[in-house]
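After this come two complexes, each holding chain A, first together with chain B and then together with chain C.
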Partner chain A sequence: MTEYVGKAMPRYDGIGQVKGQTKFVDDFVLPGMLYAKALRSPVHRGLIRGIDFTAAKNTPGVVGVVTADDIPGAKRFGACGDQPVLADEFTAYLGEEIALVVAVDEDTCMEGIEKIKLDIEEQQPVFDMFEAMKPDAPLVRPDLKSNLWDYGSGMTTRVMYIGDVEQGFAEADLIVEGRYQTGEQDHSAMEPMVSVAYFDEAERLVIHTHSQCLYFQLGQLAAIFNLPMSRIRYVGGVVGGGFGGKNHIHADHLAGLAAIKFKRPVKYRYSRREDLLYSTKRGVFILEYKTGIKKDGRLTANHIKLWHDSGAYGGFSPYGVEKCSMFASGPYHIPNTRIDGQCVLTNKAGSSSMRGFTIMNGQFPMEMQMSKIADTIGMDPWELRFINAWRDGDIGASRYVVRGAGALEAMRGAAEVHGIELPEHLLAMSSRGR
Partner chain B sequence: MKQILSFILNGSPVDVIVTPTETLLDVLREKLGVTGPKRGCDDGDCGTCTVLLDGEPVRSCLTIALTVAGREVLTVEGLSTDGDLHPLQKAFHEHGAFQCGFCTPGMLMSAKALLDHNPTPSRTEIREYMSGNLCRCGSYEEIIEAIQVVAAGEYAPSGGKE
Partner chain C sequence: MKKKGVGMACVLHPTGNKGAGDPSNAAIQLKPDGTLVLLVGAVDLGQGSTTILRQFAADLMEVPIEHVFASNFADDFAPLSLGSFASRVTLIDPHAVENAAEDLKKKIREYASDLLEAHPDDLEYKEGKVFVKGAPDRSMTLAEVGGASMFGGGADPALLVGTGAWQPARFHPHDPETGAMPAVGAISFGACVAEVEVDTETGMVDVTKLTQVWEVGKAVNPLLVRQQINGGLHPGLGTTLTENSYPYYPNPDWAPENFSDYALPTFLDYPEETLWGIEEVPHPAGVKGAKGFSEGSTNGPPPAIMAAIHDAIGIWIDEYPATPEVILRALEAKEASG
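== the complex of A and B ==
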């Protein structure tokens, strides 16, 4: 083992990559393979009244269509199990998949899609989290009671706390407030969403996937197809960039349904335009801080309210709120800390995991707040951070007891890299104790 | 309206039936089984479909297949000769000039065109020439390094590091 430590090793798959031999999902072209494209919702929010596929089905080269009626098993999927596999009653974001047209090539699929007569009643959508939270706001979906995510038993606020923030504010010499927002972001992996599905010689459903997490998704697929996992060969291992975007199923479920219906190999892939518009995103976070400080720089209280835009379905967003909450108060010892997190649904494509999940969406605003505090009390921002940084034995709002704290050492390293000379009394501090 | 397209692919003559609207990328990937060039954007923006047409880099997704009649097309599959990796392939492999590898086929072809025209490019010239090839994983530093070591002759077929 030790012969590998500290040495750069060549990639086990490197030769295949530089020779262009690595097989990405879209590189599989099988004999008799059909292609699928989706009829997508033309409105941000709507009620489906009826769909006439007659002309589409009669298009030369079109083999057929796949709708929600063709799903043998679970009609909903996703990390929270609330997203329709194919919309049949309503649509909750622009571009939501309603049906697949399956044909000999993608041009023919598109020709068929143009001939579908979709009768959909457009409804007033809601895009802004604070609009969505108003009592008279339109519901993002008809199956919701509220646009706030229900964590169970009607609980819509995830609370994490230690101590008593009101007592902490009473002990403070002054209070600094701040409001910070991080924006929406697309993963933009070089490889757009794609899947290839077919039955093998043992009648197992084979799916070539670029999934980042096969075992998160295999169970969902088995439920949708109503097949035992042993009847599905879920083949992964080559991912053309994921960055969290391929934690959510985008294509495997639909390619699989088409292969089941038509008993032929099927490829379903997004164009780059579809990928940018309709795949999952990093969702917006807005955080409001109220922080109590002593004149000497010690933080006494931190009350954070945070809101996360989940888009139309849960996905990983309710979990993202919890993860963000754990890190939104930074690596700082603040005896009285409280985080109130809410996950808000809006009529947009679902948000999901992206690089670091939602951790930096909490860390970034806390560091902005720390700089604002330093400015307000006229203290060097390094000093403020050194005074309050976690030491071993400190406890954060998640009730995690800190062991092996390293914020001080990391900050000293950062200062060194940037040629910043820190004063002696800061250099003398240690994470081993206060 | 189908037509027979004849051209030289990686040194060998090929004939294939195509339609007037098909792109070179469609024909390579879907009809000839040459899947080195990737479909990243299908819109000329990302560069991962780059191939050399008579030695010049082109976006195969924007190149109408029939326009390559009688001409020479080189893809990443044609880079190595007699089983030996091209110096750029060795350098990309050994310097870790990729993570997911989806951009690599296009990167290699653009890098080859660069060194064919300018065997000793500066770092700035490399950055400018390669700016049409995107790598979302962010391996740009290693890609520049790999091109630099090839330009310095480190992987030259005669002598040097094998």
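== the complex of A and C ==
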């Protein structure tokens, strides 16, 4: 019997990576390959009146342009299918892609882009979630009825609950409230967004991708290109860092469209600047907590209201609200819990998944509450958490049953490694039961 | 003046899509020389999915790990996988590999039954060999089985590729009536202790000592677990103290467009004492109790560091990042309010 599972072993592909032998997407350079760069929206919110590409097309080295008119299939994509592949009527965030200029190199692409005459009517953008929710707020996009995400049948609040929070607050000796905001970050992967697309000898469209989830994206690409999935050879598996940023399509759809139009290999890549400014990011959450506690430290109720800034399109954000809600009470047994979550559209680049996706946005405020509660009732912060931590069989906010609970083990381990002595009665507690 | 403080946090991280319906496939092919190729759809972003799935495959096929080659080059022949996100791979993909290994062993027994002149049920697979139960000298190695399959040694040809699939649960969407969304693959737990020094003149926060311990079910590869714990601290530190794509949120203007303005931590920002630890509570849903946890190592540092800042200066900072500007403004406000 071999026993490799459980053994510290070097990375299978590690040596090749540190020796520079790994072939990342940007390492693919093909004979006759063209480059594409995007004309991006110069305004946060605008109506496109017209675009004159004449001078751009006449630039030496420019092969042509790609616009929404060149899309053979679906004009919209993304996890919610609401984002234009290329904007043609409106733009909803600064830097939104309107058209591609395709040329022999990227400098020539940029020269062409500078010569495009874009007639765009700038409109009043809306950035603040609470402004965006007001009935008279400007709409982030003309195709919306409201800036508040509709989960279906006009339902704009995702509710999860167990027990009865009002009852729980009535049982509490003390209530601690707080309002929290989690910031916006970029994934900052070493490999910025990039894609290479070309037709192979059998007229199949080959795309070299850094996708984190090829089968998640293949269907969207097939719809945009109006090709059967089997005519797309989607080659990936090697990624220069993702951190959730490459769950959304950033480059494959546009490299593919340019390859389809010009029947030549095309590389489309973001500069670091474009990546920081215009790729998807971790969206902001604003969360209000109201937590009820007994004097002995037992949590009786937790009512959370949360709002997630989705940016201009849905992406994974409506799901992110659900995911955050499920775990925003942390690893604690609270018999009465309610979460009201809303997803709000604003005129910013789209939010997307990022390491700890929407979970860390709920763990931070809950742990701030726990620290404040310990401070308020004068209890040791470890003890407060030990008393309330999940045991097997406890029920979470979305009614899942906890199995394999390990919060006590993690805390005991951390105390030991850090050199903190915990009292005997905490060490005697078990995750297997209360 | 430099003020010291200590804080802690206890956090979780769930594994897999929360509504479940989150399948992965795997395939193991026997080559004519007896070596194996493992095909998985999980994308290796540097997190090491290929490394750990190869460990599982070698154990399940009971062969030296050097005989297992792994490919995650998602292409025409890549098995289906929803992808590498939501810390899902360590919980889900090993089941697919396990099922693929069982399938391959069954096909090997079936193919070898003619060559060993025994019913497949009377054959056993162990340590890279197939043999007649009770008569271990009547056996074939993987190389002999693979070679025979290539050159038609058996009565019928055989495709010696084992395939397997697994998902934690059927997809369960949010129920608007009850709020239920009960399908959760597994949950991992982490605890973090942070010690800080806050410079009340500059507003700078220096994290001097930080411990993270994660309960991971089963540490499939403790080296990679350690790298994930200490690697997740990187965005953990940046998120808490420096990184901000929209410094004037909700206004997105003046967004940083280079790494001078978008301040990622460097190794110099890492705590002088960066400590870590692994705990294991085998999870009932995981192969050998394994579950994913990696993303979670970003979840603990923000609240632990904020609690330490409160311990140092007596102020709760309720939003991150706690940049020097935020700290100084909070100190000023505290002074103004007496």
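Going forward, the second predicted complex is superposed on the first by the 421 of 434 C-alpha atoms of A that agree within 3 Å, B and C clash if a C-alpha of one lies under 4 Å from a C-alpha of the other, contacts with A are read in each partner's own complex, and residues count from 1 in each chain.
Quick note on the criterion: a residue touches a chain if its C-beta (ideal position, glycine included) is under 8 Å from a C-beta of that chain, and two chains touch if they have at least 3 such contacts.
Predicted, not measured: the structure shown is a model, and the values here were computed from it.
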### Task
Name the contact category of A:R272: first (chain B only), second (chain C only), both, or neither.
both
### Message
For A:F357 in the superposed arrangement: first (chain B), second (chain C), both or neither?
### Response
second
### Message
Contact-wise, after the overlay, does A:A8 reach chain B, chain C, both or neither (first, second, both, neither)?
### Response
both
### Query
Which chain makes contact with more of the residues of chain A, chain B or else chain C?
C
### Task
Return first, second, both or neither, reflecting whether A:V29 touches chain B, chain C, both chains, or no partner chain.
first
### Task
Please indicate which partner A:M160 is in contact with in the superposed arrangement: first for chain B, second for chain C, both, or neither.
second
### Message
Touch test for A:Q212: chain B only (first), chain C only (second), both, or neither?
### Response
second
### Message
Quick one: is A:T280 in contact with chain B, with chain C, with both, or with neither? Answer first, second, both or neither.
### Response
neither
### Query
Just chain B (first), just chain C (second), both, or neither: which does A:A414 touch?
second
### Task
Have a look at where A:N336 lands relative to chain B and chain C in the superposition and call it first, second, both or neither.
neither
### Task
Could you pull out which residues of chain A sit against chain B in one structure and against chain C in the other?
8, 10-11, 13-14, 17, 188, 239-243, 272
## Note on the structure
Per the touch rule above, chain B residues touching chain A in the complex are 29-30, 33, 35-43, 45-46, 48, 75-77, 79-80, 85, 89-90, 92-94, 96, 98-105, 108, 134-137
### Footprint of chain C on chain A - complex, ascending
1-14, 17, 44, 93-94, 127-129, 151, 155, 158-161, 178-186, 188, 211-216, 233-244, 246-247, 272-273, 276-277, 281-282, 284, 309, 319, 322-323, 326-327, 330-331, 339, 346-349, 353, 355-357, 359-360, 363-368, 370-372, 375, 381-382, 385, 389, 396-407, 409-418, 420, 431
### List of chain A residues in touch with chain B within their complex
8, 10-11, 13-15, 17-24, 26-27, 29, 187-192, 239-243, 271-272
### Query
Which bits of chain C are touching chain A when the two form their complex?
7-14, 18-19, 41, 43-46, 48, 50-52, 54-56, 58-59, 62-65, 70-76, 78, 80-86, 127, 174, 176, 178-184, 186-193, 209, 211-215, 217-224, 232, 235, 238-239, 243-246, 249-252, 255-259, 262, 264, 275-279, 281-285, 288-291, 295-296, 298-300, 302-304, 306-307, 310, 316, 318-321
